[in-house]
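We just call them A, B, C and D in the order they show up, numbering each chain from 1.
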Amino acid sequence: MPVQVRGEVVSLRRAGLYTVLTVTAPGVPEITRPGHFAAIAIGDLDSSGLILRRAFSIHGVQSRGIYGGTIDLVIADSGPGTHWLTQRRRGDALDIVAPLGRPFSLPRDPVSCALVGGGYGAAPLVMLAEHLRERGCRVDVVLGASTEDKLFGVLDAKRIASTVTITTEDGSAGVPGRVTDPLVDIMARANTDVVYACGPMGMLAAVADVASQAGILSQCAVEEAMACGIGVCMSCVLPVIGDDGITRMVRSCVEGPVFRGDRVRWADIGTVPPDTLGAPSSEGIPR
Amino acid sequence: MTTQLAGIDLPGPVLTASGCAAAGKELDQFFDITAIGAVVTKSIMMEPRSGRATPRMAETPSGMLNSIGLQGPGIEAFLEHDLAWLRERGARVIVSIAGGTTQEFEAIAHVLRQHDGFDAIEVNISCPNVSDRGQVFACRADSAAGVIASVRRASDPAIPIFAKLSPDVTDIATIAQACERAGADGLSLINTTLGMVIDVTTMRPALAGVTGGLSGPAIRPIAVRCLWQVREVLPDIPIIGMGGIRNGSDAFEFILAGASAVSVGTTVFHDPSAPIRIQNELASLAALRGFTRLRDAVSYAHRDPDQARVEDADGDLELPEWV
Amino acid sequence: MTTQLAGIDLPGPVLTASGCAAAGKELDQFFDITAIGAVVTKSIMMEPRSGRATPRMAETPSGMLNSIGLQGPGIEAFLEHDLAWLRERGARVIVSIAGGTTQEFEAIAHVLRQHDGFDAIEVNISCPNVSDRGQVFACRADSAAGVIASVRRASDPAIPIFAKLSPDVTDIATIAQACERAGADGLSLINTTLGMVIDVTTMRPALAGVTGGLSGPAIRPIAVRCLWQVREVLPDIPIIGMGGIRNGSDAFEFILAGASAVSVGTTVFHDPSAPIRIQNELASLAALRGFTRLRDAVSYAHRDPDQARVEDADGDLELPEWV
Amino acid sequence: MPVQVRGEVVSLRRAGLYTVLTVTAPGVPEITRPGHFAAIAIGDLDSSGLILRRAFSIHGVQSRGIYGGTIDLVIADSGPGTHWLTQRRRGDALDIVAPLGRPFSLPRDPVSCALVGGGYGAAPLVMLAEHLRERGCRVDVVLGASTEDKLFGVLDAKRIASTVTITTEDGSAGVPGRVTDPLVDIMARANTDVVYACGPMGMLAAVADVASQAGILSQCAVEEAMACGIGVCMSCVLPVIGDDGITRMVRSCVEGPVFRGDRVRWADIGTVPPDTLGAPSSEGIPR
């Protein structure tokens, strides 16, 4: 169950193009699992013009220590809200709702796992890798980005994983190309049982496809624009096939952000497929 | 402890706004939803609806656009799951209904009549009329009144019905009067105002639905003005005020302008426990201004310029009965 | 270097908004007012006017209300002092005119016809019609068209006239069409939208004028929507877009939605050099999106979904001719 | 001529209920005169919901020194914008437009001056007192407030002035009562030639009246709600009688904030007196 807490910025540090923000969040670390996210308010409602919270994967948690519970977030400066966050300073207050969403499902048995992260999509994978290793799983990591300074988590991954493969689209680090290029080989070599992925939609679609082709499960953490983050507004939906085979527009903030890759209708994101439950007739739909 | 609204007693004057609280379950994680006035549920239609394609929302200065497209499970599933849960939980409930035709509104009202576990109906007439080129019902006095008359006829006379109006009209007072004449027991003011954002990267409308409804603090002055205008012509009808309420002071503005209760919408996305916080802030502020009963503050800003001010409360502040 | 607007050549596509720049002199302390498209002057009436009592303004979330009441020196003093100064200074000028009756509008146009030193007339029809219970002219197609036809008739045919519309109508496209048919050479969209704030301390309306016009970033989505709706029915009429423009990106939204030029109003209060800053930002952004001429971006967001995108500009960014 | 500059917060300190903010403002100190004000933006337009600048009397200026020009403002936390300002920290950036308005007129000759400040209205009087002393004027100061912690500038006044009289309405410091109570006596004793005043409207009206009764000039710095501060919006007007005897609604940001006390129609502030130039006929006025 998520809580709303007032945190205090403990530190900010640069990591490539990103800012890693550590903030106190009493009570949150204890109940956070890999894949959960946090929603941060951008200033006070009295003075801020940015009224919606911003969602960030929880990258790490420290439940003890002098600060009595902190969480780490990895922030890409990509608009006014994230920019504001990167400008915080030690001691600033932040309003946090966390942990949110449905986290990654962990295997009961010590299976072989491939973790694929695109850009800051690597943020939740470090904690995931640690949990998987604790369960005795093999962990292979593939991290990709368009260019070197958009890679994240390489050192952490090297610390935890059996193998770490880097790809950049411009070849500025690791193998030139996309994460899916080396993934097939790695899956074969490591006898992968399940693929975990977090990153841009296009990457997730490709990873889910590779996994499906190989006949194995994938778990993908998606990123849809969210207004509320807690399941009340219906802005963050995407078409997902249910156990009953029926496609529904499903909220990624509460039924996700982690979905089974074979259940998401990747090619149809941004549309309402005609066979979706309640899809519009020709009459058009009210706002 | 209670607030009177069109003959019903509610635990307080602050409600959730339709579409901003789903059916209450998620918010109950953050505060006790039985402590606020009522949960106004997401507008429900006859059949399940997928809603629109994404993007469905865009942030704007002190506001947001949405074009959800009334996604919902349909009235049957709503009654079975959502309303049943709310009833079990003991929350007060105002069911918001929507339709593409007057007949659909009437049909939903018929279904509701077979059920209990709710306190009032809010009729969302700010949705497109399929038989009028998608013009929203609330944009014309005749179509608005038509829906209200049908719903009133089809519903249990003991259940008050609220007509929820759109601000996107030349003269909202006339629409309000038409709804009142058609049998509305109360009014809900306001729904979102139509807006649009162009994505300067794709150079296309940011929302898949092209236009969307603007909500949040940005529209508060428009909402207060609509409420004021309607109150001037209908001095007695109960009104639920809404539009950009962030705190007790904003809520008090609506009360002074003529609302008997207020709904909190977009602010819930910023602060999931906003409804109870605002209810408490409103109680303190009204007490500070010397009102022992909130109802004495309703429409207070309309008083004659030379009418006596209520005495400011003295040192020992008594919180009003409805806290 | 220039922007074409209804047949006139302006130094750039960014103008000041009427009532937010007085007659240009004060802003000329902060930037060279001859470098922007034009100064749109505060709406002028026939006689001197004191305007309303104070308080005349109230801040609102990402916006503000004003109820200035068209304070001004009257047309004669305006011509003698303000217009003479602007002309001397070499600025391009759009004279905004207002009236309480159609006759007053016509009379001002007659006076203006005897003068030069300005480039166009903006007709502020969002002001109350004294012979229609103070309903604003722009709220009805017939009264809006009546004013425009009179001003068009009375004015020098070489001077384009822009009808400035109010968003507070059920169907702005119809009003726009009526103005076009009545002879408007262009449209200005939008004037402020009617709003209200209650002062929770005095428990009265915050403005002496009770209601006021809402402006600023808060209303930008409404303005873009109005512009879009009008552009859909009038594909060719020149439009000056305005409402909450803060920066080049906001301005570009209006261009993509159908504006040929934009006016900057409330943002000037935040940043007195905003017009020139926004003009420069707009130039860079349009160039970045591959437009060498701003006019190619006008209405670009209305293109067919499968119409080809302009090529993104390559490495060596060429600033467009109108910078 | 005012300039728009980006300043940096040098320090904040408490003074009673107020916060004294020192901020760099290159180029401003040199052209500031007593009675000028500064207009400060409340955050970036990209993220702030408070879009109007806030006006503050310039309390002090330092034109040299390591910061290359700073100004001091005295801030009462009285709403979201002033609250935001009191929460700034050393090193924060502020956008400043200054100096604005018409300053106090200074006498050519070494006359006897009484300076009357209400609450933070004392802020511009310190600089004024210094300028007057430089010209050899006698300076008597009266500072008043409702209660002790709303007094400002007492120590500075004691340093500069011949006499300093304190009044508080609740008697928590100085003489119980209002500034006008001791003023008449002081004027008689010091043979005052001109009264300068800054403070709430009610106080200014009373001071102007006392001065008029005594047949001497007063200069009053008024405080009207301002949207632009630079003369373009017409929101800050009040009824003032011109040299020609005609009442006009006059902008306090450019034609003020300092007015001759006998020219302001104090009792009519908040109205448009019927004899004002262009006053409405019975038809009502457009917005």
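The criterion applied here is as follows: a residue touches a chain if its C-beta (ideal position, glycine included) is under 8 Å from a C-beta of that chain, and two chains touch if they have at least 3 such contacts.
Please read all numbers here as calculations on a predicted model, not as lab measurements.
Common neighbours of chain A and chain D (chains touching each): B, C. Seen from the C-alpha centroid of chain D, the farthest chain centroid is that of A. Once the centre of each chain is set as its mean CA position, chain B and chain D turn out to be 45 Å apart. Inter-chain spacing, taken between the CA centroids of chain B and chain C, is 34 Å. Centroids built from CA atoms put chain B at 35 Å from chain A. Residue positions of chain C with contacts to 2 or more other chains are 61-63, 211-212, 216-217, 246. The multi-chain contact residues of chain A, meaning those touching 2 or more other chains, are 46, 49-51, 81. Chain contact topology: the protein chains form a complete graph, every chain touching every other one. Across the complex, chain C is touched by residues 49 of chain A. Those residues of chain A lying in contact with chain D across their complex are 42-44, 46-51, 80-81, 83-84, 89.
Chain B meets chain A in the complex at residues 19-22, 26-27, 29-30, 42, 47-57, 59, 61-64, 66-72, 74, 98, 100, 127-128, 130, 134, 136, 192, 208-209, 211-213, 216-217, 246-247, 266-273. The touching residues of chain D, when paired with chain C in their complex, are 1-2, 4, 41, 45-46, 49-53, 81, 95, 97, 224-225, 227-238, 248-249, 254, 269-272, 276-280, 283-287.
Every residue of chain C that touches chain B in the complex is listed here, in rising order: 60-63, 65, 139-140, 168-170, 193-198, 200, 203-205, 210-212, 214, 216-222, 224-225, 228, 244, 246, 249, 252-253, 256-257, 285, 289, 297, 300-301, 305, 309.
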